[in-house]
Amino acid sequence: MKVSYFPGCTLKNKARDLDEYARKSAERLGITLEEIPDWQCCGGVFTTAKGEIATKLSSVRALKYAAEKEQPLVSVCSACHNVIKQTNYAMKTDSDFAKKVNNYMAEETPYNGETQVHHYLEMLRDLVGFDALKEKVVNALSGKKIAAYYGCLLLRPNSVMQMDDPENPKVMENFIKAIGADPVVYAMRNECCGGYISLESPEFAKSKSNAVIENAKAQGAEMIITACPLCKYNLIKNGADIPVVYFTEVLAEALGVKEDTNE
Amino acid sequence: MQVKEYKPLIVAFCCNWCSYAGADLAGNNRLSYPADVKIIRVPCSCRVNPMFILRAFQRGADGVIICGCHPGDCHYTSGNYYTRRRMAALFSMLDFLGIEKERTRVEWVSAAEGAKFAATMNEFAETVASLGENKRLEDLRCKR
Amino acid sequence: MNKDFIQEEILRASGVNPKKCMKCGKCSATCPAYDEMEYHPHQFVSMVENGDIEPLLSSESLYKCLSCFACIDRCPRGVEPAKLVEAVRLAVVRQQDKNHLTANDIPALLDDETPQQLLVSAFRKYTK
Amino acid sequence: MQRVGVFVCWCGSNIAGTVDVHAVAEALKSEPGVVFSTDYQYMCSQAGQDIIKQAIAEHNLTGIVVCSCSPRMHEATFRKTAQAAGLNPYMVEIANIREQCSWVHKDMLTGTEKAIILGKAAVAKVNLNTPLTPGESPVTKRALVIGGGIAGIQTALDIADAGFPVDIVEKQPTIGGKMAQLDKTFPTLDCAACILTPKMVDVAQNEKIRIFSYSEVEEVGGFVGNFDVKIKKKARFVKEDICTGCGACVEKCPMKKNPNEFNLGMDNRPAIYIPFAQAVPKVATIDPNACNMLKNGKCGLCARVCAAGAIDYTQKDEIIEEKYGAIVVATGFNPISMEKFDEFAYNQSKDVITSLEFERLTNAAGPSAGKLIRPSDGKHPHTIVFVQCVGSRCDACAEKGKEYCSKICCMYTAKHAMLTRDKYPDTDVYVFYIDVRTPGKNFDEFYRRAVEEFGVKYVKGMVGKVTPEGDKLKVQASDLLSNKQLHIDADLVVLAAAIEPDKSARPLATMLTASMDTNDFFTEAHPKLRPVESPTAGVFLSGACQGPKDIPETVSQAGAAASKVIGLLAKDKLTGNPCIASSNELMCNGCSSCERVCPYGAITYVDKEFRMPDRTTKIRRVASVNPAVCQGCGACTVACPSGAMDLKGFANSQIIAEVDAICK
């Protein structure tokens, strides 16, 4: 099965391993991630204000490309997924916005939100299936207590993202179970790490990140996994004393493709 | 030759529970509306058969208005919903036949809305009057 | 700027109807940036509703909102306070010379691991 | 041909002021069928009515038209007058020349002209009137109450008190409902069991009342006065009439670990159980999903220890058919699921509980024998946070929660907070509220006492996040009045969950053809003036199935529903409204269009034998209107494609005659 793939800026730089583990693992699971040629940066944050057109065009172009190939669009970075999904939702539901965008794009066929947008985790859950994933696992991470950190971008706003129950998400926990480890449920898993503010108010961001780490540790976590480069950066920078890794890394490890990557 | 002043003829079907009572309230409060409006009492707006409306136009009515309880307030639970759906279909067909959409109307008037009843009738009568005499459906055989 | 105009513009740009608010304060209860803010999410809602926008325009609170959308998801009335904060912020940064962040500020804020995502989004949030 | 009499009323100057009444009477004289026409100062007066009676006798009138005030005012009066003179009361038509003519027009000429036209329309209609007789149907003098909570219990007791037999259908093994689970009741703080259980015993001992516990309504047919109901009595694998409720089986049952529904799963019960000590009927029930004997055929211990020999593993569901004259719905409520509200960590921590669970925790018969403890570790909680309006008052478009105020939460939370502070003064108690709504007798005083005498800390604000960490619950909340975000380390968090109608209500409403609102609360016939009747004749509403209610309100509504039922059952026969639909069987093509639009389920299809012109017979499917159920809205008459369906009193021909008279 082939899907269109939007890696995003950070995955070409600081989060290279998030990207590489994702590609290797997908291949092992029988899914080819076809990188969209000439993709442009999503902008990192979705502007909710109405009348913002230009900042959303890069997402629309990626969406339209996937639509033409009749493939679902998959991304792995939480921020890219959030921006693309929200843009797609606006194209589908806000006819005024869609009209303006289509006028601007001046393409032959207008785009109206036809593409299915999946986060990599949704791809694992809905396209691969956690049971099928489990069968492909060669290095089960048995006994490892892993805390999933969702942050904000994967789940909210729920009316648009529709990924999981935003207050009691299960997709990452089920993923952790599928690779043989034990999920640690903790309340702060869907709270903000301080994200965007870490540039200007590092101390404030630190307090937010610490609350997440402390809560995960208090509930017994030995490792935190995340899908967001910014979350990972914040948690590590602010003194996480347990490993914080991308979920694709533990996936690659479980599937036995981690070493290939490093070669 | 003396030209007789044109007076529109308007038939209003009012449901017994809300709109007919609303019309009574308009009377109680002495809120006037044109005498061109003649009310026929029906138990529920959903009792109004499209046949009645066609007959009225055929016999020379210039406008027909159906008044019922507000959606959700129907004395018979759901009658006004039937009215709304049926009349939407009928009115667009009449429009196609040349009876302008402005000559037909469904309006929700509660038993407490005497003022709304009078205002609606004034406005509707004025609209119909501005359209002039209705000719399209008049059956020439019935004409005196 | 004209007061009514700016209120109208903020309501239009955000798509938020502050009249739906029942003043429960759940947005401010849920806000992770509450203690950093001078005006809190529930105040944004009521101040915009009352047209008392001037103090918001000059408040640092605009740049403290984490855009985590927790207030949007947890509001029982569907008011979406974060969208109001963003609309007010945009009303400010879109003015001449009101960018909250400039390229010159960046080098001092960086470290080796700063992800690109952080810079891109900061520019999108804080500049025109 | 009718012989019509026309009577034009002056109504003093009310009509005569703007309508030339003589001219009207004169003009109508020449209308077809009119043999007599007159006018009089006050037609509704005794003298006016005598004129009508006299004219009916003298001129052999077969129909009359009264040009007067609105029929909503005096139609009934003039029908009685006609009846007194030997005329069928439905041979009377009113032309409304006051409210809809003289009062809204100022000019004598226009007024008179319009009055004449309205009179002509009425004459045209009365010419086509036929005498109508209201149908009569017998009344089965037995009532059915669906639901055995306090609402159902009170309704049943009141009906039985009037001497009518009543059956209660309760789906749980015992009656008592939610009130049986409560600890104390506001605002007087008397114990719920102390006031409820005597009533339950009254029900059990009342000769007029039968209890079908562990039973559900399966099918409802018939109509007001004559309902046919099928009740499914689920197999409880214990013979009810033999079981003494001794509890030996419960003690010996080896399958002990099943969540105890009565304690909301906070402790366990055996596979064979009696929900609580004061259960009515006090009979054991076997849970077929838990019993090893029923699942695997192994065990049989309860049968061996039962001295009475009441255990019967072969028992099957039983269907009971009964006739009822009236049905009372008392299906009650449930707290909504907290599944979607995990910002309060209900699914993550045992120490986040709902208010109903709190009731069980403080109830002497509850899982902790009335000791207030944390469910997780059994320790005494020192800081308790109550959160109000969880899932109530949400936006219609919100993804979770209900739009309405659940009404009872403010008071029970004040009660919980007060009782906690009373019994455990070392406990800090916070109540987060949006508004405190206490409209009720002694309610606000009660809430004030909680604050002023018992020191409950009421905080205007809401909880945004509960984070279980270690053995604490970190509560993040807003205090709007001091403009602060609070961080409280709590030991117990209690959520005032919104309440919703019981899930069984929706299918039941379909069976009863009773209407519901979008929240699945039953709709009343009139929100102010008929609050305990459903729009469907013979179906009455009691308790929270109609909307959120506290106990005093439920009990008074239960009594009101009972009095309506008694009023119905006291009649030997029901007279209906004769202006109902009827189908011309020869024209009916059996298409079912009318059946589908009827809001009352009054139309059924029957196979009927028809004699054909060639003397053969043919069986055809035709519509049949149940005159006792039809309310006469006329929806079916328009839906009927063949014109077979018509409405008596408002027939197609009559309305067309009016249209023709107006459009001349």
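Each chain gets a letter, A, B, C and D, in the order it is written, and its residues are counted from 1.
FYI, a contact is a pair of C-beta atoms (placed from the backbone, for glycine too) under 8 Å apart; a residue touches a chain by one contact, two chains touch by 3 or more.
Computed from a prediction, not measured in an experiment: that's the story for all the values here.
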Comparison of A-D and C-D (more C-beta pairs in contact): C-D
Mean-CA-position distance for chain C and chain B (Å): 52
Chain A and chain D, separation of their C-alpha mean positions in angstrom: 50
Centroid spacing, where centroids are CA-atom means, of chain B and chain D in whole angstrom: 35
Numbers and ranges of chain C residues touching at least 2 other chains: 70
Shared interface positions of chain B, touching two or more other chains: none
Chain D: positions in contact with at least two other chains: 343, 465
Complete list of chain pairs which touch one another: A-C, A-D, B-D, C-D
Interface residues, chain D side, partner chain A - complex: 339-343, 345, 347-348, 399, 465-470
Residue ranges of chain D in contact with chain C within the complex: 343, 389, 393-395, 397-398, 401, 434, 460-465, 476-478, 480, 483, 485
Chain A to chain D touching residues, read off their complex: 158-159, 165, 167-168, 185-188, 191, 214-215, 218-219
Chain D contact footprint on chain C (complex, rising order): 20, 22-31, 34-35, 40, 42-43, 70, 74-78
Chain A to chain C touching residues, read off their complex: 8-10, 13-15, 41, 43-45, 47-51, 55, 77, 79, 152, 155-158, 166-167, 191-192, 194-201, 204, 208, 229-230, 233, 236-237
